[in-house]
């Protein structure tokens, strides 16, 4: 099972990085989303895997590590906020520049 | 009373729903359910300005059971068509269902029923709201389907709501 | 204290000119002069002690940790230089008062001048080489301002920059040299360093220190090969040239060599470097001076030449030669300052400094001529003027140098002197002698007393020192020389050394040769003009401009705004470093933790997830498809979490994913729907390789970590154990979020709140931009459905909205004990509202909403903060929670936890943030040409 | 519970599950097999819903068998019944608008066009 | 006890269904078809979660299913609205 | 329990929330509230500085949960110093923003500013690694808002890159934190310091990767090569006053690096050893070189300022990489100096931008109030190039002195880059202020903004104060550096407990 999850994390990260290397804002944002999927799962695995052991008192004696779960919650929320902001920035960039290329031409500054 | 409970049926539904959610039959839950079933419809009443009239609430329950049964049957029929009927023998058809119903809630219920029952699917509504466009998966006789819709469902809804 | 005051006075006084200029130019100059005079008086008060051979010291701690202290000391050398700087400074101030035009900002000028003066005085009084460095670089800076004083002259700007580049750069080298020196001596105090000659010269770091320090000295004193900046600095107003380039700044390097002479000189390295640099400079600059037409350029190269002479003398390394050097410093300062000032007067009166356009001034400006004659004859080394005395002694010293052979130095020195005679006479002959011309740009005549007083005084000194050197100057020269050489030798200066003195014949040869050279000047000149020469400015530009261009190319090509390239570099950099860190460690021990058997459910999810994710890079150009696939992946991660015992995560992931998708769909409305192919296949392959390697690494890390048994007990054991008894909840994840680590959550909801504010602010800015609104109105539209708000959706929503809210409340209430909580609840509410907005439109729905999104966020943060601050009332830290089991009929027993209030803050903030973000986007959408919606659904109006 | 009753329940639940599984599969299979887009819409809206319904029923009964009453399954069912027709309607409208539905759409008979194809209404 | 086998059978059906969905997701001729697939997949995922609940013998994951039901609807409508009108919130 | 420790976090959050809630649309009131809060923050910072100096490290246990289970804030000399620096910079930039009217150019300037202060202050004070991540995000997202304040094509698009780069950074941070927790089972920094020496050798490889990733995260914030790419575009396109405020943000990276390399990954930790300085040193040198070259090659004043910021970070990291109390003390002094100096040059760039037709360095345009602005530019240039008499020179001397054991490698790099900066800064200055208008165009009338100019001069004054007080300041910093390299008191303040 660990191998399944590890390979999924690796794939999500790879897809994320590939997309962040694109030249338009939208795929880059998707890439960042994928990267955050990978990160969240990775952070989750820091607690090691456990099946049928939700950390709720009274339902189990050997709970899954609750702390990484709490950390992932925080990470999910934060990456949501970030995604929302970069999305509106992408809109703003497109509406102002007339295109959605991510590169800037610094020499034309 | 009307001010406090803008949508009494909604409030009732919510009370039931609360019990479905909390999974326990206790007085405390009921109190909580009543509080919520009062507050939430009040808070959302602005988005449901008119109040649908339900003349025969028990007929509505009967209608629900009828539809549920039809849903199950419908699925067997659809499964049969999907699995076994040769593709070129499937006779799909568009059906126009003129509406006698006028209340939005009733029309919506009818449209939903059509979708969930045998081989039919509500696909659109006329811009004036007086006809439904229904797609039938396999309807060698489209008019019969239209008549069945009107007789089996619309007529009942008409009695319940209008 | 008083020494520090002498150094500080000019700096403090630098504020005065700016203030006094309002009272007029005389007041301004007077104030400046008063400051200088006061400093001079303070110096004079110290003089008797110094002349008695004592050393006056002032020590103020500045940065003792480093050994940089405001330590000053005054010995003979310092006294001589300080006197020179302040004395000539006084004359320059007088001169400048009359020299500067009405349009020149005099306040600025005197401010810069005093800054410079202070820096110079600081150099010569420093008893700490780090402090000396401070003043050293300050002279570079203030002279930069002075040289560039006439902003409108391009030469001024160029010259100033060149001077700063060369002298400032040399200063940087000197920093290194001084630090080495200090480290060898164990102190940065000069008085200590001067005691450590043996240790320093024996150190293996002696040579680098020497070279670095000499770099500073040579650049400042314009020694070969750093001589080129000085002539270009002549674009400065003449008072500046007279001050900086005769008496002060260029002498700073000389001063430093003299100051360091006791510890650095006497070695073969010192001799070779210093003496040769001086000798070459002397001869070469003198030759160039001869061919300069600009009076100031001629004087400038002459200055370079004389500095070379002094340097050479110091380089000889004998006390006698050093004494001569000190003597010549004084002499040169006197005649050269006078000459610069006369050149300035000529320029001021005739409006030109070009020797080719001058001549015959002798009759028109007799006073000026007299001064010029005395000074230039002194410069030529004609007896009995002071220049003669020191030059004669110089030639004598040169004649006795036997390296590399018996005569080379002597001959070269004579040639230098010969050129010196020639250009001095040329200055006089071509400028003042000859017939009066009728084509001066401006008819010249002698200026007022104010302008010639200063040079006249100097000329008088030139004569007096020449006539009675020992009386006039011996009292100062001897202490200065002994301070330099470290011995109490007292030299008597003679005019006549006897016929057997080599210097006599060398001098005769120089004067004769010089006159011959002047006679042959026209022919030599045409020869000179025909010879191609390296031009300093062009070389400097040829170095700096390409350097700047190269720098620009390097930086611009690195920082060209190409995001993907910087990203590749970053990813590869991170990957390489992480890999190196992994590989260079003690080998990773493979995990010992038992592997979980594969669950078919997880396998099923995994398959779907992997396929969907893998397809994204191939299908991403169609953005809606890419979004669909992303949605699939994101939604499938939720059950994945559920199956690995994280129901809270599943709930959160799910609801966040939906809101994210909705936001992205909203955004996609404003963006192109397709991504064009812009990168070629090799690039895509490169990106894929980079991404693949990174993914491999991350996956590998995950596997390595997951399979290893944790080495220590985890802190979460505490959370688990205390969840119920300590925090009052059975859901350990929730108690961590609202209690154990509530502070993280506090930050997290603020992140969300800020995100919404940012979104709002940007949409506001966009809407105020007419170009944006125009573009919004003209966004390409595909065919659209005729109904905006289909009735069926509206009716379904009327039921679903309250139901969803009910679910939200439920999730909020149970969160502490079961999966859920304020955050998910907020999201569920937000989704409910989103449904409503989708069904009936934003305007219609929002018009019926009784509160403001901003307020929700504000309340959320406030409530969360207050629930934290509340604990202070009980003397407990921020976010300490309490809980109590309450029984309140008819409600069943329930738990009242302050954590629930905190969670309410979370709820409000989340809801407000999402709604505000949506509202902002909807406001943009309003400008796409659609009017606001006024009905709940499309049919309401038609029926 | 008696073993016999237990056995009966087990058998009953298993058969529901098997049926549900088949329906879930049929829904997805229909997506592939049915040739025309409008036809494909029928399969998931119905069959898949029944599949989920079966799982929910089993879940409720299974928990009941363990002595827990669970009503949330009912709630999920209500949710699905409420939402599936709306989803289907929107999917159908999308097909119609984009010209992907069967083209022989009849007249509405009311004198007004079908809402999806109607010219856009402009609010004041 | 044949329930576990029935569960496995159900899971097998779901897996196969997912596979068909994915196949369809890539081979679908139109965008709308892809949205249909998404809708189907989310409903299948609900079944999977419920199934897991039965498997694990706990009701802990039913909220996940409730939320799934709610969100799958919102998602499908949003995609359709996007295709229908471009702007999902007007 | 000293509740003031949390004040730098809670106070700005409160004020920001109140502004959002009640003062929307009341700019004047927002200004008053913002300034009042910042003045209070300054007072609090002084009190904290005093407390940290007098009493040593002190922990604040949030939620009253013992460390390492809850989150603890730790006030020590370093965190107090950074908070004080933040407070001073905030005061000056806020005055400037008000004086120049920047805060009126878009919505929510003051709430975002307060949130930024909250984030930065929180990052300085926290003693928990994950909480550091959270507050990084707080400060980052506030910075996104401030960066694009006022809008505009280039600014927005530069903002996208800034965010995207930092989102990757945040991902990296989480990878590192996951590894740290996965290996050590704790997040409290003091607890990590206490536990990591006992880590089994088999976990060393994972820990090293975590350490490298973590430091690279800080390197992104600190614009260390090869992760500096985001900075020029961001700083050059941000509003001048925001860029000035951002001077503290790069220092957050330096701060965090310093904290972790002294507390969690000291050179005597067997697993990581000298791994971190081994790559920090070359990276710092290249960063310095890039910054210096950038100054020399800059085509606009804001871009020049941005590269000056990079160069200053290279210098600061150079000092950090020495990994001794001596180097750390130099680093701290340089951090103080370069924050003020970088802020000053950005304010100058902004002042120029409103007095000159354009900011290009290759074409003439007159500057109104030439003398005044030129004087400020000169001050910033002198400070940045490390020329006497301003504090940059002292900072540079301290760093050179610290590195004297490897003088032959380090000194030339520092001095040559100083030379390049000198060339670039003097070139830019002469082009900006000395180059006359060839078209004889008259400068635009100077905007009357005495408050803004005063704010810039206040930075200048702060630099002078830092120079004059170099003795006492370095003395205090020596103590701070010593306590950083002997973190027993820091760890002790956390009163670590053992899990049940």
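Letters A, B, C, D, E and F mark the chains in the order given here, with residues in each chain numbered from 1 onward.
As a convention for this text, a residue touches a chain if its C-beta (ideal position, glycine included) is under 8 Å from a C-beta of that chain, and two chains touch if they have at least 3 such contacts.
Please read these numbers as outputs of a predicted model, since none were measured by experiment.
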Set of chains whose contacts include both subunit F and subunit D: C
Of all other chains, the one whose Cα centre sits farthest from subunit C: B
Chain with minimal offset from the mean of all protein Cα atoms: F
Higher-contact pair (C-beta pairs counted), A-C versus C-D: A-C
For subunit D paired with subunit E, centre-to-centre distance based on mean C-alpha positions, whole Å: 11
Where subunit C and subunit F are represented by their mean Cα positions, the distance between them in whole Å: 16
Intercentroid distance (Cα basis), subunit F paired with subunit B, Å: 62
Distance from subunit F to subunit E - Cα centre to Cα centre, in angstrom: 48
Contacts with two or more other chains, residues of subunit A listed in rising order: 20, 25, 28-29, 38, 40, 42, 45-48, 51-52, 54, 56, 67-68, 71, 74, 78, 81-82, 85, 89-90, 92, 96, 102, 104, 106-107
Residue numbers of subunit B (touch at least two other chains): 17, 21, 23, 111-112, 122, 125, 127-128
Set of subunit F residues in contact with two or more other chains: 130, 134, 137, 141, 144-145, 148, 151-152, 156, 158, 161, 164, 168, 175, 178-179, 181-182, 187, 232-233, 299
All chain pairs that touch each other: A-C, A-E, A-F, B-C, B-D, C-D, C-E, C-F, D-E
Residues of subunit E touching subunit A in the complex: 56, 58, 60
For the subunit C and subunit B complex, residues of the former touching the latter: 786-787, 790-792, 794-799, 801-803, 805-807, 809-810, 836, 840, 845, 848-850, 890-892, 894, 936-939, 942-943
Touching residues (chain side subunit E, partner subunit C) in the complex: 8, 11, 14-15, 18-19, 21-22, 25-26, 31, 34-35, 38, 41-42, 45, 48-49, 51-52, 55, 60-61, 63-64, 66-68, 70-75, 77-79, 81-90
Subunit E-touching residues of subunit A, taken from the complex the two chains share: 51-52, 54, 56, 59
Subunit E-touching residues of subunit C, taken from the complex the two chains share: 600-601, 603-605, 607-608, 611-612, 615, 619, 622, 624-625, 628-629, 631-632, 635-636, 638-639, 642-643, 647, 650-651, 654-655, 657-658, 661-662, 665-666, 668-669, 781-782, 784-785, 788-789, 793, 800, 804, 807, 811, 818-820, 824, 828, 831, 834-835, 837-838, 841-842, 918, 921-922, 925, 928, 930, 933
